[in-house]
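In the two complexes below, chain A is the common chain; its partner is chain B in one and chain C in the other.
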Partner chain A sequence: MVMENQKFILTKKLSTLIYGMIGIGVLSLAVSFLIGTGAERIAANLLLNTYYFLALGLIGLFLVTVHTIAESGWHTSIQRIGESMGSFIPVAGILMLLLFVFGGLHLLYEWTHEDHLDEILLKKVAYLNAPFFYIRFAVYFGVWVILAHFIRKYSLLLDKSGDLKYYRKFRIFSAVFVVTLAVTSVTSSWDWLMSIDAHWFSTLYGWYVFSSMLASGTAVLIILLIALKRMGYMGHVNNEHIHDLGKYLFGFSVFWAYLWFSQYMLIWYANIPEETVYFYERHKNFSTIFYVNLILNFVIPFFALMTRNSKRGSLILLPVSVIVFIGHWLDLYQLIMPGAVGGEASGIGIPEVGITIGFVGLFLFFVFRSLAKAPLIPKNHPFYKESLEYHTQY
Partner chain B sequence: MNRYITAYYLDEEDLLKGLGQLKAKGLEIMDVLTPFPVHGVDKALNMRRSRLTRVAFIAGVVGATLGFGFQAWVFTVDYPINIGGKPFFAVPSFMPVAFELTVLFAAFAMVIAFFVSNKLGPAAKAVIHDERITDDRFLVVVKVGDGEGEENIKEIELALAEAGAEGITLKV
Partner chain C sequence: MYTSPLREPLIRGNKNYKQVTDDVLSPMAGKPSKYWYAGITLAGIALLFGGWATFRTVFYGIGEWGLNKTIGWGWGITNFVWWVGIGHAGTFISAILLLFRQKWRTSINRSAEAMTLIAVMCAGFFPLIHMGRLLLGFYIFPYPNTRSLWVNFNSPLLWDVFAISTYFAVSLIFWYVGLIPDLGTVRDRAKTKIRKAIYGFLSFGWTGSARHWSRHETVSLILAGLAAPLVLSVHTIVSFDFATSVIPGWHTTIFPPYFVSGAIFSGFAMVLTLMIVTRKALNLEDYITLNHIESMNKVIILTGSIVGIAYLTEFFMAWYSGVEFETYAFFNRAFGPYAWAYWIMMTCNVITPQLFWFRKIRRSVLLTFIISIFVNIGMWFERFVIVVTSLHRDFLPSSWTMYKPTVVEVGLYVGTLGLFFTLFLLFIRVFPVIAVAEVKGVLKSSGEQKKITDHE
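Moving on to the complex of A and B:
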């Protein structure tokens, strides 16, 4: 059923739930301090969650822009969800900046300990130093926030007026965003994640992180879409749209596994100590997460989403999306924690679970706020009609 | 003996409309041949979904098992060699070959299954109903039952003509 001017309304119940989740987050942050959790562990948790939800925002926007420049009609009907996910980018930027400024930088990154740099780190000072780090930080967020702002702006202007000149601008900004993200997603993952293990490096790392985020971003998009459908919105979205998103989730999960294996296999086979030290730590102290990560992010989505029917309804797709969402959080956990906290001080307890719940609440708060601002259907988009008429042969 | 009637349309919209009418009259449509894929024909013909995916899955599992199993047997039982100090049963190094064999088996099995189920292949006899189906004609093939006499054939031909088809010919 198509309701062209339908807007999302945040119900009392839902907003109470969201405030409750944010409350749990703040509370568990306070509790973690009180029970004497190490400052490094708390900083690492905050980095994990700010990065994870920032990446979800970026991927939401990435999916919108990449479908815009590819002129794919089907995606137009779910465009608003991706745009709304993008509204979290500035929030994550502020939180991350606060984290770094108030001690996080020194706690998380070994290369900031300027008096104790060894030979290897001294060679990397030209790139890994605090001023340049903040300059890059400013550039990333500056570019992302400005582009996100204009993409959203022209999308809404297009919707209001139906003037194709806005569509052209929307496309130009989309193209710029895709190209920019191709570079910045990689370099930002070096800055914020790979430099935790500053002695180690992998040329594949940036794509590996990006593929991980692509899978979880798609999973979140599916979860939001199915949730909205259950709340009675997005009636114009049919099984074909969901099927396509399911194919994405399947494909990106396989892609992630491919990159995971490519990185692991080369390091395992070459067996050079300065490279294997990275996986040695993960095998020794994080062995459960090491294998659970593979099961959640590859084995389960691969077999569960293999058949056609499983991708076309919410019965299997929704649980798998939730699993992938949790799985890639764990993937990020094992990227950050071994280097930043180490095997003995880390674990999964109140700080991890509570703070993550808080971030989920915060993320949903901004996504829903942004969804409520504009009609859910971009009815003046040139591909809107095509998007509704979406049927496949098979 | 296989008997059938062919007729063609000059436009895909007419074809889809005609197919609806023919089905309403209860004719058994054997095949539709078009110069390019026409959306909606599959639905109009009530085509079953392809079972090729199942073939691919089974063949893939076989390929993966063979690829992995053979390497495991060679490197642990038949001819263990110490390669760079790695364990004999080195799972990561078996993965690429297992993956390649999965793809190879699935691909070949699909091609062969496709040929078999469509009676295609190097020695197959090509039936050309109308040379212009590779150009601009949309051909419908209607089955004529074994026991049907002249009258029934006339009826089918009439139905085809009513549904807007041209060039109606009976073929044996």
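Moving on to the complex of A and C:
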């Protein structure tokens, strides 16, 4: 049933759960300090989670904007979820800034140790230096937050009035966001992730990270959509919408695997020490995660989502989405930890699990808060009706 | 199914089913126009030039080319990659856009697929001719033989053999399966006995029964699913030819997706070049509308921008890596003796497509045609830059040299252009250039009639 003016209401039970999760996060952070976890490990965990949930926000907004400029009607009726994911971007920015300012930068990045730079790092000083790093940081978040603000603004104005003037503005800002993200997602992944292993480089790195985030962002969108449906919202969403999102999850997982293979194979084949050192470390000290990463993010979604039926309901799609969500967290883990913490000091324990739960809570808090602010269905969107009467042959 | 009033009709002019058949099939029935004769004559001359160059290469050997010890790959591989790239649009349009349910693909998929097949044939010619002895081309297939000689399975060049032959086979089947219902229509309209017999044979006894349609659609969808990864795999493996090496400028991890994007970019440019002429010559403006051209231009701007980001990423990483060879290779590209080629590439591939941000330009047939030619040129130079400028500065400065193509190499390239246009001109004479059955499939939901009745 379609309830066009339906708004999301955060129930007491749900908000207790969310506060509980945030509580666990804060508690785990405190416990981590008390049990003497290394400062590097804590900083790396905070970076991992701020980046991961920031990327989910960016991908949420990316999916909305891409569908807007591609004029894909079917997506219209679920676009609020993506918009709400985008509301986490400024929060992640503040947390990340706090992390960097209060010692994180020095702990995580070797290139900040200005007195001990070797010959290679000295060559990179023009790019890898703290002031320029913060300038880029400000530019990324400045642009993202401003664009996210306008996209949301025109989306809501369009919904209120149905005036096509706002639709055009919505589209223009969407296009600008997509182009901006295409550049900034790459450069920001160099800044925050690749420069942890400051000597190493790979031209594919930015796209690899982006594909990873694209897969997990889609998984989170699916999880949120199915959750909303189970809470009694989004009644108009039928199997076709779910099927399309399932196809995305399948496709993006394969795409991620393709980029993983491309990067790994080319470095393995050429066998240049400066490059292989990166995977050598991961083979030696993170070998379990190295393989689990591939199983969770490629093998499972590939085989589980191969058939048509598995993508058309929540029975298989929901667990696979959760697996992919965890899988790409792990992927990010193996991008960050070997360089930032090293094989001996790192592990998966209270700091990793607890802090992540805290971030899940924080993320959900902002997503639900944003969802509650506007009607769940953009009923005046010019493509809305296409999304409502949505049936396909395949 | 509801369609938003914001969507433009895909077929103009209130057509009914019969008109669609008439419009598309009538150019096949009559005598070719004088432009067609002029075109095929020109293409034939180019083909003859290529024939002469082939003769020289086979008779006198590869010494006829301008290659030397340092630059072992020149125009040959450049043309090969260029043609394979062009051959990407067809399968992208028919497979990936089918999966994305883009209805506008129905008007262009048939000719784009034909173009793909022809382009892949042109591409395949270059590795064969580079072997020097065409007759020994079968050596590249791995099979137990009395020569006790096996192919090198570690070599990406061999993977290319598999990738491209698979791609060609699947594209051919896909294209042909799509043709069957249309060939049935051509058969039913044939006036002469011979025509009827030939098209009857080619259409595999198509009757148009519900059972035939059901099987046809199932096969099409399965083939689309199979072809979709092939769109990526072919150019990925072509990029491996370079990227698995340790040559600065070649060995870089971004190559696979960046080559794929570049391939789709150049493929769409060639589709635009061809379709803009075809729609005019065969009066198909109602089927290949400005809306179609605009959609293709959007693909151009997307893939062109991806390629642009890849160029800049490579350039930045060459510096960031701190590897002096990498840094030099890219500095040399932009400011060395082949800088002119680099800047042609940058201008044509990165700057010109950005003009399509303006709706007026996206919807201008003339400007689109001009820009599509620019992209075709730019993408050729991209491969030239990658191949020649990376090779011409060896690790040993004593080996540094320059490369200039001979007239024989030019002849081979012009010859494949001749082959391409000859086969394409023949194609538009013997097959329906637009997938009649598929256009009819979207006529009800996206024709102009529907638009008028819906929103009066």
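Throughout what follows, the second predicted complex is superposed on the first by the 394 of 394 C-alpha atoms of A that agree within 3 Å, B and C clash if a C-alpha of one lies under 4 Å from a C-alpha of the other, contacts with A are read in each partner's own complex, and residues count from 1 in each chain.
Here is the rule we go by: a contact is a pair of C-beta atoms (placed from the backbone, for glycine too) under 8 Å apart; a residue touches a chain by one contact, two chains touch by 3 or more.
The structure displayed is predicted, hence computed values, not measured ones.
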Fit or clash - chain C, chain B, common chain A: clash
Contacts of A:I94 with chain B and chain C, given as first, second, both or neither: neither
Which of chain B and chain C A:I135 touches, first, second, both or neither: neither
Contacts of A:L259 with chain B and chain C, given as first, second, both or neither: second
If touched residues of chain A are counted for chain B and for chain C, the larger one: C
Contacts of A:M306 with chain B and chain C, given as first, second, both or neither: first
Touching partner for A:Y269 - first (chain B), second (chain C), both, neither: both
Which superposed partner A:Y127 touches (first chain B, second chain C, both, neither): second
Touching both chain B and chain C, residues of chain A: 265, 269, 391, 394
Footprint of chain A on chain B - complex, ascending: 37, 39, 42, 49-50, 53, 57, 84-86, 92-93, 95-96
Chain A-facing residues of chain C, complex: 1-7, 99, 101, 221, 229, 232, 236, 240, 243-246, 251-257, 305-306, 309-310, 313-314, 317, 320-323
Complex interface listing, chain A residues touching chain C: 71, 73, 120, 123-124, 127, 179, 182-183, 186, 190, 199, 201-207, 247, 254, 258-259, 262-263, 265-267, 269-270, 272, 274, 382-383, 385-386, 388-389, 391-392, 394
Complex contacts: residues of chain A adjacent to chain B: 261, 264-265, 268-269, 271, 306-308, 391, 393-394
